[in-house]
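First chain A sits with chain B, and in the next complex the same chain sits with chain C.
On to the complex of A and B.
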């Protein structure tokens, strides 16, 4: 089974200070001084793929993992890590277009890659990126490929060369279903949230393999139909109150009276 | 005859009352170790003897009474405040130990901005004290990575050092006076004066004693004027550590005192600075203080570095943002635990110090040997973070995947063999095996080699102040078989 993991490398925006949020005339914010890291949902997707691969090998199946991102050279360190973890090929599509908030364009590029690089059985990706947070891309990819899509995936297990068991979160619990590939799987809050770390030996042996770079202009990106008009920092400030009291009981009573009592009445 | 656990608890309850004697098994398990055994602890494996109790003390007199009781009954006492030690110093090596927890002694007693000193109880967190000082335009100048967790008693007991040490010094340069309790229950105070020449400086019997001689209950430290608006951040990439050491030396021997002078090798640099320093070493300086001083220091450093063609300057914001997120906080520890349990990948460190003439040699031999002799490494790097007129430190950082072994075998398979290589190569070359984490309980096997003929003085201190062998046994000086 061939699994393609589509992932995003993004700046660690939580390191930004308010003063850093300077929007230029092209609606860009300089984040070049921030460290890059994997989008958290994509990190889970990559680790799930590795665990799936191990389980498949234990069943004497022949899984093949590859990884794809649309990014600039800033993603190079992450691509080397994925090569060291034996994703092969590891592909970077270098797009000159501003693809922020352009889920239609991104989906078009990803789906074209899937079509142009057969055979692909499963497209695995995080449910959404930290930039945009629209959760549309996996669904759009599935629609363009005319493949089924499952969202909020938390686990995948191999069954045979064409089937896999997918566990996903639904409104009232977990849904486990065995499905036939091909499919698009969008990973949500999976139990595994960290990508494993390759050893130095694997970095030397596999990590230095050159990753493939494709030119974004060779892909037919669709027009989004929406235009970015403005960018503003959304303030998410919280306030804190120190509850005074001689004993924990006294403090709990104050907390109940001042914060909880009225809210509980409304439930 | 040794007291039974029941008798120990009865004795403690008589002294401090029922509520302050904690015997909850989970608390006792976590109090039997520190961060040295965190891999085992995260997996629920606790191999050290569980203490009889954790005693939460609220006054110096309570500490004295508990110490006197333990001394008379020869019960091992482990002094503790912030519980952020990394070298096993807080492990309870003997059966039925008493952990005296001073974290509830957390009053800031006095901030004296005329005489430029602040006095606080042992359980005051450094972050809290420094934040309060900064509101008034002052700072302790002390900023170890554990700042949000560590408390003053432990920071002094381990001879800690902070990221701004090149300007402000280590804790030993900051402490002006102390209060401590010795095993017989005697309370000792060393007054706060600018200098003294009345015999040996006895502050240094207490600073760095790691709980093996006494319990530190109160600390007075210097404070400094704080001018963050004048901070100048400088960062460079370069090709080799050897060049970096040369530059650090030039800065130091010419008398410049940046608050930060740090040099990262390629691997460690890639971990922290992958966004601008792939396959490069990284050199960082911060100049601070009054504006003329900060500007002059920064200008001098820039002139020195400019003589080295391989150094390329980077955007100062890269350095500034990184510094703002360097310290641990409790949330980071929760995150670390999750990550270790999921990935089985753990980071440990060993820090040493040596003179300029041998530091690069130590760096190279340790890196070569660890890389060749230790399996499953995922990162092996090092940095110099504290420089002096005559030398610098090296902080070896290593991550490894724990594979094919039980949690309780992690230390003997990875961390201890790595530490052994680094410590033995350092001592062989003439350096010091501990720069700022303390000896703890896992470098004691080399303590005689570390001291050489001066070990006599250390041994005598232990015999003199702890004749009944009840103070944090197995720390600094090894347990006898």
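On to the complex of A and C.
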């Protein structure tokens, strides 16, 4: 079974100070100075793929994992890590377009890659990215490929070369389904949320393998129908009244007497 | 503007989703020249008349399907909406609603936006607001392809109970034989802890990265029990497996609205704050006086959370 994991690297926005959020006239924000890391849902998708591969090998199946991102050179370190973890091929599609809020274009590029690089059985990706928060890409890829889609996936297990068991979160429970590939799976709050670290030996042996670079300009974009007009800092301020006191005991006493006692009594 | 609400009766949280969508309509489509109706999906196991009580509009179309499955619902929509002219489809909040909004817009060559906090109808366009950049920013978007397909962010406009009213059933379709789930070979639902209980909680204690490890997380959970509070964690704590994912509070976990919320050892990143911003009263305890949560709270204590909460337990038991 061939699994293609689509992922994004993104700047660590929690390191931004209030003054760093400067929106220019083209509605861009300079985040280039921030450290890059994996989108949290995509990170789970990558780790789930590795665990699936190990389980499939135990069943004497021959899974093949590949990884794909649309990014600039800032993703290079992550691509090397994924090569060291035996994703092969590891592909970066270079695009100069502003794709932050262009889910249709992103989905068109990804689904075109799937069509041009057969056979692909499963497209596995995070449910949403951190910058655009569009939460549309896996759904649109499924629509474009005319494949079924399962969202809120938290676990995948192999059955045979064409079927897999997918566990996803639903209202008040878990739904475990054995499904026939091909399919698109959108990973949600999976328990395996960190990508493993490759061994030094694997880094040396596989990490230096050149990753493939394709050019986003070669792919057709679709009309979006959604256009960004403005960006503003979201305020989340309350009074933040400081509780004074010399010791934790004094502070707790003031907090309880002045702020909590009456409120908790009413619950 | 002609708008349609989509309600999924097969969902166990249909009541809260209907109340949310009712609030969203009241806030965003309450004035102006709008004509609304509802498409209610339900399966034969559900009480159709009970579900009708949750329909906020007078006009309603009923669609009976075998069971909830997104592919089946989309196919059913194509069947029942073939001849209809609709400007705006409003889907429920949450992942199911988001999925249907995006896929329905694609199939109808419209435009979609999910996790929307508010809309404004204009001539031949819809202006919608939603959070972006990990919830640090609000983005304003223009949708210019009809039908506009929207799914609100959870609890964006609160919830308004649906008033009892007489309904006009404008169509009734039995599509129980429609089946688009042949790719599913077997399925099994099992009960599991979810964030649903946190969303109903009146008093929550939430621990963040400052807990430091699994043992401290277990201790804080115990303290929550002593205080009579429910316990939740932020994403960094959940990702470190200090607590299960069903304790996750934030935009991708529980969106809570307690009377009192105590946040211990969490910085207050916007994606987390989205899960507590509807709290009536927020108490932050953090060693860092400059952490964003301190100015996002009603009261703030600059200290190590452990001794402060230990003392609080003693005071509550006194």
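Note that in this section the second predicted complex is superposed on the first by the 235 of 267 C-alpha atoms of A that agree within 3 Å, B and C clash if a C-alpha of one lies under 4 Å from a C-alpha of the other, contacts with A are read in each partner's own complex, and residues count from 1 in each chain.
Simple rule for what comes next: a residue touches a chain if its C-beta (ideal position, glycine included) is under 8 Å from a C-beta of that chain, and two chains touch if they have at least 3 such contacts.
Since the model is a prediction, treat every value here as computed from it, not as a measurement.
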Margin query: Once chain A of both complexes is superposed, is A:143 in touch with chain B (first), chain C (second), both, or neither?
Written below: second
Next item on the list: Kindly classify A:194 by the partners it touches after superposition: chain B alone (first), chain C alone (second), both, or neither?
Entry: both
Margin query: Contact-wise, after the overlay, does A:241 reach chain B, chain C, both or neither (first, second, both, neither)?
Written below: second
Notebook entry, point to check: More residues of chain A are touched by which chain, chain B or chain C?
Noted result: C
Note to self: I'd like to know which partner A:158 touches here: chain B for first, chain C for second, both or neither.
What the structure shows: neither
Next item on the list: Applying the touch criterion given at the start, work out whether A:177 contacts chain B, chain C, both or neither, answering first, second, both or neither.
Entry: second
Next item on the list: For A:35, select first, second, both or neither according to whether it touches chain B, chain C, the two together, or no partner.
Entry: first
Margin query: For A:74, using the defined touch cut-off, is the partner it touches chain B, chain C, both, or neither? Pick first, second, both or neither.
Written below: first
Next item on the list: Show which residues of chain A both chain B and chain C reach, each in its own complex.
Entry: 16, 193-194
Margin query: Considering only the defined contacts, which chain A positions touch chain B in the complex?
Written below: 15-17, 20, 32-36, 74, 76-77, 192-201
Notebook entry, point to check: In their complex, what parts of chain C are in touch with chain A?
Noted result: 11-13, 70-71, 95, 98-99, 102-103, 105-107, 110-115, 127, 130-145, 181-192, 194, 196, 202-203, 228, 235, 238-241, 244-245, 248, 252-253, 259-260, 267-270, 273, 277, 281-284, 289, 292, 294-304, 307-312, 315-316
Checklist line | Residues of chain A that touch chain C when the two form their complex | finding: 13-14, 16, 21, 23, 29, 40, 100-101, 127, 130-136, 139-140, 142-144, 148-149, 151-152, 154, 163, 169-180, 183, 188-191, 193-194, 223-234, 236-243, 248-249, 251-253, 255-256, 259-260, 263-264, 266-267
Checklist line | Touching residues on chain B, where the partner in the complex is chain A | finding: 270, 273-276, 278, 315, 317-318, 321-322, 324-325, 338-339, 342-343, 345, 371, 376-380, 399, 401
